[in-house]
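Multiple structures follow.
Here come two complexes built around chain A, the first alongside chain B, the second alongside chain C.
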Partner chain A sequence: MTKVMLENLTKVYPGGTKALDHLNIEIESGSFTSLLGPSGCGKTTTLKLIAGLLEPTEGKIFFDDEDVTYLPPQKRGVGLVFQDYAVFPHMTGFENIAFGLKIRGVDEEEIKRRINEIASLLEIEHVLSKKPKEMNISELQRVSLARTIVMRPRVLLLDEPLSNLDATLRVKARMELKKLQKHLKQTIIYVTHDQIEALTLSDKVAVMSQGKLMQYDSPENIFNKPRNKFVAGFVGTPPMNFIDCTLVRRGDHLLLDAGSFQLDVSPIKNAFENIKSNELILGIRPRDVIIQRETINKDAITGEILTVEPQGVENVVAIKIGEIIIKAIAPTALTIKDSQKICFKFDLHKIHIFDRKSGEAYL
Partner chain B sequence: MRGRSSLEKTKMGPFGYLLLAIILVLVIFPIYWLIITSLKPKSEWIVTPPLWLPRSPTFLNYLVILTETTAGVEYVLGSYVVFKPAVKAFIDSAIVAGIGTILAIIVGVLAAFAVSRHNIGGNSFLGLVLMLRMAPPMVAIIPLTVFYSLLGFIDTYHGLILAYATFTMPYAVWIIKSFIDEVPRELEDSARLDGLSPLAAHFKVTLPLIKGGVLATALFIWILNWSEYLFALMLTRGKVITLPVQITAYQTYAGMLYGPQAALAILAVIPLVIFGTMIRRYLARGLTFGAIRR
Partner chain C sequence: MEKLRLENIRKVFGAKEVLCDVSFSVFDKEFFCITGRPGAGKTTLLRIIAGLEAPTSGQVYIDGRLVNDVDPSERRVSMFFENLALYPNKTGFENIAFPLRIRKYPETEIRKRVLEIARLLNIEHLLDRFPRTYSGGEAQRVALARTLIRDAEIYLLDEPLSNIDALLRVQARTEFKKLQKEIGKTFIYATHDPIEALALGDRICVIHEGKVLQIDTPEVIYNNPKDINVALFVGNPPMNLIPSYVMQENDKIYLKCEKLSIDITRLKPLIENYIGKTILIGIRPEHIKVSKQSVGNAIEVKLLSIEYLGDRFVLYFELDDVMLRALGEIGEKYSIGETIWVKFNEEKIHLIDKQTGSVLI
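After this line comes the complex of A and B, so read on.
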């Protein structure tokens, strides 16, 4: 098991594109860490830098205490499963898995033993004699995984390995990956743009945007305590609602004035003590918008239903309040129609407050 | 579904068949004409109306090009002309075209990897390489003859080999680079993580995958070299003689000797057909490459 440390890691490509900007992450030994972010945020570049396939423009990479920044990939002891699997098309499943072992000079008997062991673990015994063109996508993915794991790498890197699978296979593969990690007890760095994969599989998630680290935390904290507006908006489906508002003190009351409505945040006013700016963004997840059929208390806000998107067990509804549109989740039992007037309120303990200028979270 | 649609695509109407027949005639006719001319005696080479089949078939033309037969006297009036056997031209052509092709392919493969995988020379390099090749050979031949005279390369095997390798190498780089580009870079990256150096990853992973393409390119370049005339004519003086030059030798003051010329042309095509047949498995794959990505 190996601890991976990225220190001020920066990568500028020859064309001048800055893919990574002073990235600092400490990945604990034996942990499953996800690099999560939209396309082009630098997550695959980070993975290639860790693997040694790219050289950083600036910064250092440490495996435990060893500086591996300029060590060639073949000497790092890193395994990488590529998004397109990179299974050699001219070799059988067995030859693919044995390829690296042969290069390392492992003897034939040991190669056979290790391949049988890994094939049984990943249930791919039946494809060992097949060529990649005869394998289905799930088998290809497993062969790719097998040829990486069989090398017993210090660090296992996975670059969106589930992205080519359909939804059903992806759920199954996710469970198997989780099982595999428990079995291997290995440091795994997993690149994905799929927040569900990142949140369900990982011990820690690093959310990235435009080459910068936005937040590095446990999945729970990433979801419940986003450090900035980007993380709050990127994680969660449907995404968080953001409403520009101004903090107004009126007597004993503390209000968030959004123009079309005012939200009385007096019950949680202690949380606002350290907020210096009055220009804020109110964030609320659709699940934390409580829809009521009728006005039952004075805090309720009235809006008009714009659209209803059925999702099976629940509906995602868009509510229009003046110029503001927010999304909420309503149980299917609640009959809602387009253009219907509706009342709702926010769960005050679940609201998020961001600085309008910097996007940093206050609450 | 895919198979069905491609089958449907091959269905042609009467116009399509007619077009195909015209193309076939255009391609086949010169070969047919060469064969029958090579089997005709002199009296039947140029007659009106033309003879579609030899009236008195003979192998004399083949005998003239392969041996120092005095039967050649038949061809000229009053002179006793004996031609040197074309066997040497076959051997010389095989040497210069063969080694020239091998050199062009070796350098081409290395350069193509450098350009494709390491972006050596930048983005304009490849265009520059091809631009040089676009210049007519006539432009190069006079300075080249002067240089070759100074270097003592005139009428030598290595001189002609060098010229052939140099002038066909740009094609090799261009074609092989396009094959390399088709192979996902991740395959080599993966092999490097398994323990191979970058160079070993090129040769152990990508090269086996583009084998068909390289062989197809080799055939193409060999055809260019095998049939090249201008350099062979200008850079040799008789010690080295290639087939295209040998063909032009079959003429006298009385005119062209079409029979021996046709016979030699037929024999010259045979090695190309043999090589093409030998690698046809790779040829089809090489030319329809691009199925590596799933």
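After this line comes the complex of A and C, so read on.
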């Protein structure tokens, strides 16, 4: 149960690459926190700094109230699991898990007790007497995890630990990881580029881009209330549509003018009160574009179907409105064909508005 | 019009039969997807069509002509490999122009065609740069341009989007479909991602351990799979399978499990031979309705795990010791360990023969 605080954490690599730029995160004790972002965003650098494998150029790291910024890795009490789990091939599962404890001089009885506990928790009792070559990939993964957890680290750091597993095993492993965290009340920091993993497992997600923190929030807020265009575009598949538009007032009406179409946002006028700029980006998720085959009301926008991509359970369609192309999700029951003219509208309560210059979200 | 025909293609490597009696036709201007797990034989099949590999037995026809003994360069096919290799000492432009240069095209023609294909693939900015400055996705596009610039009747594409970020892949998919229409040529496209195949293909060929299991439109592949391996492979999250017992009571026929009983009397002619035996019920996650309250004849289960997709949940629960998945609506709050009620849409169930794997309905 350890709280982790990162204060103005900055890392410039020799050669001048700024991998991390004034990162501030407070990770609650016993929570599951994911660092999510594309490759090169600084998430693994952050993990290495917390582990003590790297020294920051600037900034501090606290475990509870203790400044650990310059503490060597072995004195920090962190456990680190990488995606390429390295287990000793000549040792049994038991010996592998016991290795760290033996080095620390923990007595035999205690080692046995701890290993039995962790093995039952991770359901690997049956491989304790086996050598790694007799284990399957999911068993190896769990032995590697057990070996780290058995040391009772203050903070458990996981770097894409599930990326070697196939889809079915990954679902199981996720489930076990979550169970484990709840049981041990362990502070876990998890690095991933897989948004589903981050959204599913985490209490909080830190979305990073180019060394900067883009948003640190609950999975629900990351998805539903992205703070900027980067987060909005990174999380969710198919990605959110972004449409450049200008805010115009016409009499009583408030319109978003996208050139090829205008969207009347008068019903949610209040939401626009604090928006100073007129140069905006309209964001809408494909699922929130509602396709209607015929013009039912005047709010509907007309477009032409460019492509239909069946997904089985539903179709992803690209719609062309003048120069603008947006994606929508259409139920398979709605038969649509290429080049067909269709109508659609936006669910006004689901639209996002970003500043065109800064990318910050207003709505 | 038929563009390509494969007849009884077999390929054996040592003792391993990699392709086994593969026969199908691909039409002119068709977008034909071959999908299957890694190792299913997709790449070998493409290599045989390209002429890079000779089949152990069987015939390859292009435009009605038997091409088994025709050199790859004479077949009018152009192949894109997953392990692309760009020349590191040549610019993007020269990499793309290479196939035309060795065929001694005039300079003006080369320039015109490179620019054209670059515009189509949105890589004009990469033409003057060298491959070492490219990202994985950019390198893949340049390699793709090099494949597409060749005059060919059939373009063979082996996992062309595999090196591209998941996020961009969805975007690239749409472009690909547009591209094929614009070029107006036959594409044969291999992918291990069934969703990609569904999205792109006019028709899809599902291949499993060297055998063709089914060839049909995306809709039919998804809604009426003919084989258990098609049903399990296509669709995400995958189809649920539940072993059940076929039982006759008076003049009614039921599927029975410990907690489940489904009246399938309507399917009597199909199922008669299975009475007294076990059969697999297949049902897709979207056809299981989940509610938080007990509703008429819904089954009470415990929620084991949740996967949050942002706009939907995948809910995991156990029924008679089988782990099943259903989709949950956003707006509901679910927590692991709570009790939920699930109801199958009985119209949508599939019945699968356990021994043969064939899907009866």
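Operating definition for what follows: the second predicted complex is superposed on the first by the 359 of 363 C-alpha atoms of A that agree within 3 Å, B and C clash if a C-alpha of one lies under 4 Å from a C-alpha of the other, contacts with A are read in each partner's own complex, and residues count from 1 in each chain.
Definition applied: contacts are C-beta pairs under 8 Å (C-beta built on N, C-alpha and C of every residue); 3 or more make two chains touch, one makes a residue touch a chain.
Here the structure is a predicted model, which means the values were calculated and not measured.
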Subject >> Which of chain B and chain C A:Gly312 touches, first, second, both or neither >> reply: second
**OP:** Based on the superposed arrangement, let me know which partner A:Phe99 touches: chain B (first), chain C (second), both, or neither?
**Re:** first
**OP:** Considering only the touch criterion stated at the top, classify A:Ala86 as touching first (chain B), second (chain C), both, or neither.
**Re:** first
Subject >> Touched partner set for A:Gly16, first chain B, second chain C, both or neither >> reply: neither
**OP:** Figure out whether A:Pro238 sits in contact with chain B (first) or chain C (second), or with both, or with neither.
**Re:** second
Original post:
Which holds for A:Val171: it touches chain B only (first), chain C only (second), both, or neither?
Top reply: second
Original post:
Just chain B (first), just chain C (second), both, or neither: which does A:Arg285 touch?
Top reply: second
Original post:
Is there a shared patch on chain A that both chain B and chain C touch, and which residues make it up?
Top reply: none
Original post:
What residues on chain B touch chain A, complex-wise?
Top reply: 184, 186-187, 189-197, 205, 208-209, 292-294
Subject >> chain A to chain B touching residues, read off their complex >> reply: 48, 51-53, 72-74, 76, 78-80, 82-84, 86, 88-90, 99-100, 103-104, 132-133, 137, 140, 147-148, 151
**OP:** Mind listing the chain A positions that touch chain C in their complex?
**Re:** 38, 171, 174-175, 178, 195-196, 199-200, 219, 223, 233-239, 285, 287, 306-307, 309-313, 316, 318, 327, 332
Original post:
How about chain C: which of its residues touch chain A in the complex?
Top reply: 165-167, 170-171, 173-174, 177-178, 195, 198-200, 218-219, 222, 234-236, 284, 286, 304-311, 316, 336
